[in-house]
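Encoded as structure tokens, here's the structure I'll be asking about.
Residue numbering begins at 1 within each chain, and the chains themselves are lettered A, B, C and D in the order written.
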Amino acid sequence: MSHRTRQLKVSSLARVEGEGALHLTVHNGQVQRAELNIYEPPRFFEAFLRGRAYTEPPDITARICGICPVAYQTSACNALEQACGVELDPPLAALRRLLYCGEWISSHALHIHLLHAPDFLGYPDAITLAKDHREIVERGLELKKAGNAILELVGGRAIHPINVRVGGFYAVPAPADFVALAEQLRRALDQAIETVRWVAGFEFPDLELDHELLAAWEPHRYAIERGDLRRTTGGVFPPAEFPEHVVEEQVPHSTALHARLDGRRYLTGPLARYTFSSSSLSPLARQAAVEAGLGAECRNPFRSVVVRAVEVVHAVDEALRLIGDYERPARAFVPVAPRAGTGHGVSEAPRGLLYHRYELGEDGLIRSAVIVPPTAQNQPAIEEDLRRVAAANLHLADAELTALCERAIRNHDPCISCSAHFLELTVDRT
Amino acid sequence: MGKPTLAVWKFASCDGCQLTLLDCEDELLALAGEITIAHFLEASSAVVPGPYDVSLVEGSITTPADERRIHEIREQSRVLVAIGACATAGGIQALRNFADVREFTSVVYARPEYIDTLATSTPASEHVRVDFELRGCPIDRGQLLETLCALLAGREPATPRTSVCTECKRRGLTCVMVADGTPCLGPVTQAGCGALCPAYRRGCFGCFGPMAEPNVPALLPLLRARGMSQGEVERVFATFNVAAFGRGSHDEPSH
Amino acid sequence: MIPVPHRVANRVTETHDAVTVCLEPVRDALPRSRPGQFMMLYAHGVGEVAISVSGDPSTSDGTTTHTIRAVGAVSRALHDTPPGAVLGVRGPFGTGWDLASVRGRDLVVVAGGLGLAPLRPVVLAALADRASYRHVVLVAGARTPREFLYRHQLNAWAWHEDIDVCRTVDVPGPGWAGGVGFVTEPLAALDLEPAGTTALLCGPEPMMRFCARTLQGRGVAARDIQVSLERNMKCGAGQCGHCQLGPLLVCRDGPVVTYDVAGPLLKVREL
Amino acid sequence: MATVVLDLDGLDRLIRVLGERGYQVIGPTVRDDAIVLAEVDSVRCLPAGWGVDAAPGRYALRRREDGALFGHSAGPQSWKRFLHPPRRRLWSGDFEPDHGEAPRYAFLGVRACDLAAIGVLNGVLGRGAFPDESFARRRRQVFVIAANCTEPGGVCFCASMGTGPGATSGYDLALTERIDGGTHHFVTEAGSAEGAEVLALVPHHEAPASEVRAAAGAVEAAAGAMGRQMPPGDLRALMRESRESPHWEDVASRCLTCANCTMVCPTCFCTTTEDVTDLSGQHAERWQHWASCFELDFSYLHGGSVRTSGESRYRQWMSHKLGTWHDQFGTSGCVGCGRCIAWCPAGIDITEEAAALARYAGQERS
């Protein structure tokens, strides 16, 4: 038999946030390398945060990612408030959670309808999908708009909100401002439930992953804007212990650092959250999950689209609850005086755990900053998924294998700008 | 004649400006009806080869490969619109222009030798001819739609180069500088956001970059009189549009 | 004030970037304009700009004629509008040339480039009522011979004994028989009776200032010099404020004003 | 009708009567640390007990010792925003004018300076060969309740502009607020037939001569208590003579060219237009919004702007207000409300700049 060498280059994996490439080497029917090659040019946020004031990270780190700026703002605030020894007034904390719900709804609706669903239905994008199923895409866009409406009202704008500050907000809405929004969210709740039903009907390739899971967790509610850290192999630890467990390392094929949990690959994101907190979902969300055939936990990454849809139901429901309970806080922010020290902050970005650490000087200037975004944490796990998906499907033709690999990546809604850009897939078969 | 084609390109950025296009929830499908979205990787895996009628360029040029790519994009584009502070001013990552990149790299990456990056972060206009610039970090959705509609109609997009204060006052907001003593960059910042920050009783921090002929030196004493330290004054100008505001904030030695 | 729809009835190419269009009302006609007045022309979805009336003032069929040079988005769109298509028109606005005061006197018309557009109606009016004037002189300048508006008409006038035509260009081409240089040169050489002369000027501001200075140097009184001014205009109706030049609202008090008024204002930098 | 007295209930009733007659009543209310104009439906909306400390570049609410409703000077907004809105559609589609139902406003608490400003605005937009229909209609339908000033603010100078502190004409009703020995009431006069008609529907009693005298006296005293004044002399001539004054450069070094002064000015009328189309390009509209001579593009001609320097833009503003307005519209463009002084972030004071110009001009003459 003659040796056949096939070089497959699929430039550009679309419908992910950012740019990177995938390198797959298959030798004698064995997957040798499966690398998610992230080459997004580095933007050096941690470097230039040094010397900035403790008040600045919410605005500055938001610019790391246009899709999950609230996650950055919130993790930054959590870390800085901890460093300065400040607790939010409960109504302000509730408002922060509401804002974050907006980001979950918007980001998840975007990923489900515009980025991920076309994979399951065989379309290149949502616009082509809309030619056949306009009402579905419109529903997705409306859902996304409802999330943005929360971001715009509470945060000022959907991308890089301007109303977030360490200690709270610059201005807080009046209860009357929420009337139209609540109306919109009630419609969104129905749309979110329909979305769960819709995605539950997709066909899911078999894949059970065995990654360790890590997510923020709170005892009695679905952790979103804060929490301790919970892992599969037992135990809960506070954000301040994150550096003891998670170590980042550099790999040659990526401008993103790879994180390992006690030396092992692990996964953060919807599957991890759901696995730990499914019992804390709102009744409506739980019911939707059951109807969609989800158990107490979910370990098939292709089904993450269902988990996201369930999380949208929860976020809309939660937003409505928070609005229902809303009373205008007595003050828009808790005054925060700087002090020397270190603070750690986590929150659950739509695509996974986002950790910030700041070391402040007495003058309130930042001495050092560390940011560990979800995609950097997930990169080893994504590569493992790729390896397994490729190994199990080597019989497929190049085009199909490529498409499947791309889907395996999109399962994790990677946010490459957070860590790094655009995927170019190269399969070397020797 | 076929439908005009639109391409969206990304350089060093947060993706927020191109996301603004997807945030046009009410217009997205109508837009797709009027133009062919020929290249928009964030949204579609279908790619139509160039040339393109309109290219939206997001992000700043930070690597030798970027430098080559922006020229290729220019050659393929009839109209090139730079969108956002990164593409129009180098963005926040242009802070490196005033620092030592090797040192920056070593702070973020343990093994800097893997990283291939230019010493500077520069706007598209430093490399190629740019037909329009949309300011903002991020850009404003209304301005993006106006620009697309204007380009389709052959009109000059209405993106005024005047101060944020004009929008602030048209909205009927009360000036935060005068009434609250809050430092505000509105008087030197280009309009376009709709005076967002003053609407939340926050001083403008200049994310739309300098307006036409700003009188920055005249603002500095006013900021200090409202409680900003010299360091704060310098930092507020040295953020999202650091390269555009330049070092104009240094009217006196800081020590 | 709402634009009134007009159809492009006729479109004549004047130069590489200028056309003359004749617009006929789709329904209602606008009031008749006087030489020197202007209209606001609107191109669908693109915008609206001030354009002088350049047609024959004796036409009474409700049409209005304009000469447009494509310099920006709106003027380009107007320039490119094909016959049959509809434009919006508001007007007429502003003061016209004061021809009544020229009766029995010498009339000197000086046009630079596109400045000939608002002056053509004056020449046509003077020729139609030739007996009312003594000498009638037209001095027209352009960058190159090919950039003269109304070339055939200029040629015809040049042969006409009722009017002296003097053409000058900055850059002559092969076979150019006219003058070379600034319009002030023929103006300086003109056989003038200063006290009995009225001059009408239109062209770039520096040109008008130099011409006025030349004429004044020769004894023509400032109030016997009329100029047509140009300022940014949004409404044409004296309400947008853009066209101010000191005390003048150019759209209302101008565009045609006498030089005793305009001269001192044009001297002030950035007024 | 003779001068009458309304008490707080009477004023409340007045607001309701106007509402019943189809007016949208606009009056002062407190929002965002300032007294702004908004719809009011009862006296409870009015800023009882709020006063204002205003100085160049500074404005702060202050608690008063009494419960006065009109004891504050001009706020950041003027009535201009209702008669000549900041943004308005001129027409759409096939040149369909955007008439709609013009709102019928009742303005409550219009100061004499602002009343004068409405008159000045009317001189620009309401008269002339091509009146602005939208403005003219709004203006015609407005019901004006003037509030005479008894307590000018720190940046007021209406007395030196001859526009206040008392309203003399152009109103339907005029109030003078009086708080005297535990009573809080309004000495009220009708200035039009409709004013009298409305007044008749509101509980009131005839004003004793002493009250009328006291009210007039308070207004008169206010004239002597202005925060500042324009320099005496012919301002129009001063502006003409000062076109080349070296002083403009000095102002320009402080002026941000931010345009706040023009936006808050109750008479600055300038606008610019915007043409818009939808994505299909089929539907077109034309909008108008406030513009300012401080904007670089304001004087744009093909190839560049006429007024690029800060000097020339500040000069245009001030010369127009105090000088060329007379040439164009037969009055001064400045009514002395002081808004441009308070709301200039740089605290540039038109009265001081006028005084400085006068000093320069004086030096030149001598």
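Observations, loosely collected:
We take it that a contact is a pair of C-beta atoms (placed from the backbone, for glycine too) under 8 Å apart; a residue touches a chain by one contact, two chains touch by 3 or more.
In this text, all values refer to a predicted model and were calculated from it rather than measured experimentally.
More C-beta pairs in contact connect the chains of A-B than those of the other pair, out of B-C and A-B. Averaging C-alpha coordinates per chain places the centre of chain B 43 Å away from that of chain C. Distance between chain centres (mean CA atoms), chain A to chain D: 52 Å. Mean C-alpha position of chain A lies 65 Å from that of chain C. For this pair, chain A with chain B, the centres built from the Cα atoms lie 25 Å apart. Within chain C, residues 44-47, 72 each touch two or more of the remaining chains. Each of the following residues of chain D touches two or more other chains: 275-277, 281, 284, 291, 308. Residue positions of chain B touching 2 or more other chains: 153, 155, 201. Shown are all chain pairs that touch, namely A-B, B-C, B-D, C-D.
Interface residues of chain B facing chain A in the complex, by the touch rule stated above, are 10-20, 22-23, 25-26, 28-29, 32, 37, 41-47, 62-63, 66, 91-93, 95-96, 99, 101, 103-105, 107-111, 114-115, 117, 137-138, 193, 196-197, 199-202, 205, 207, 231-232, 235, 239-240.
Chain A contributes residues 12-19, 40-48, 50, 52-53, 56, 59-60, 63-67, 69, 110, 114-115, 118, 124-128, 130, 134, 137-138, 141-142, 144-145, 148, 156-160, 162-163, 169-171, 249-250, 252, 255, 257, 332, 406, 417, 421-422 to its touches with chain B in the complex. Contact residues on chain B toward chain D in their complex (touch as defined above): 27, 30-31, 33-34, 145-146, 148-150, 152-153, 155, 158, 160-163, 165-166, 169-175, 177-181, 184, 186-188, 201, 212-215, 217-219, 222.
For chain C in complex with chain D, the residues that touch the partner chain are 1-5, 44-48, 71-72, 88, 230-232, 234-242, 244, 246-249, 252-253, 268-271.
Listed in rising order, the residues of chain C touching chain B in the complex are 44-47, 72-74, 76-77.
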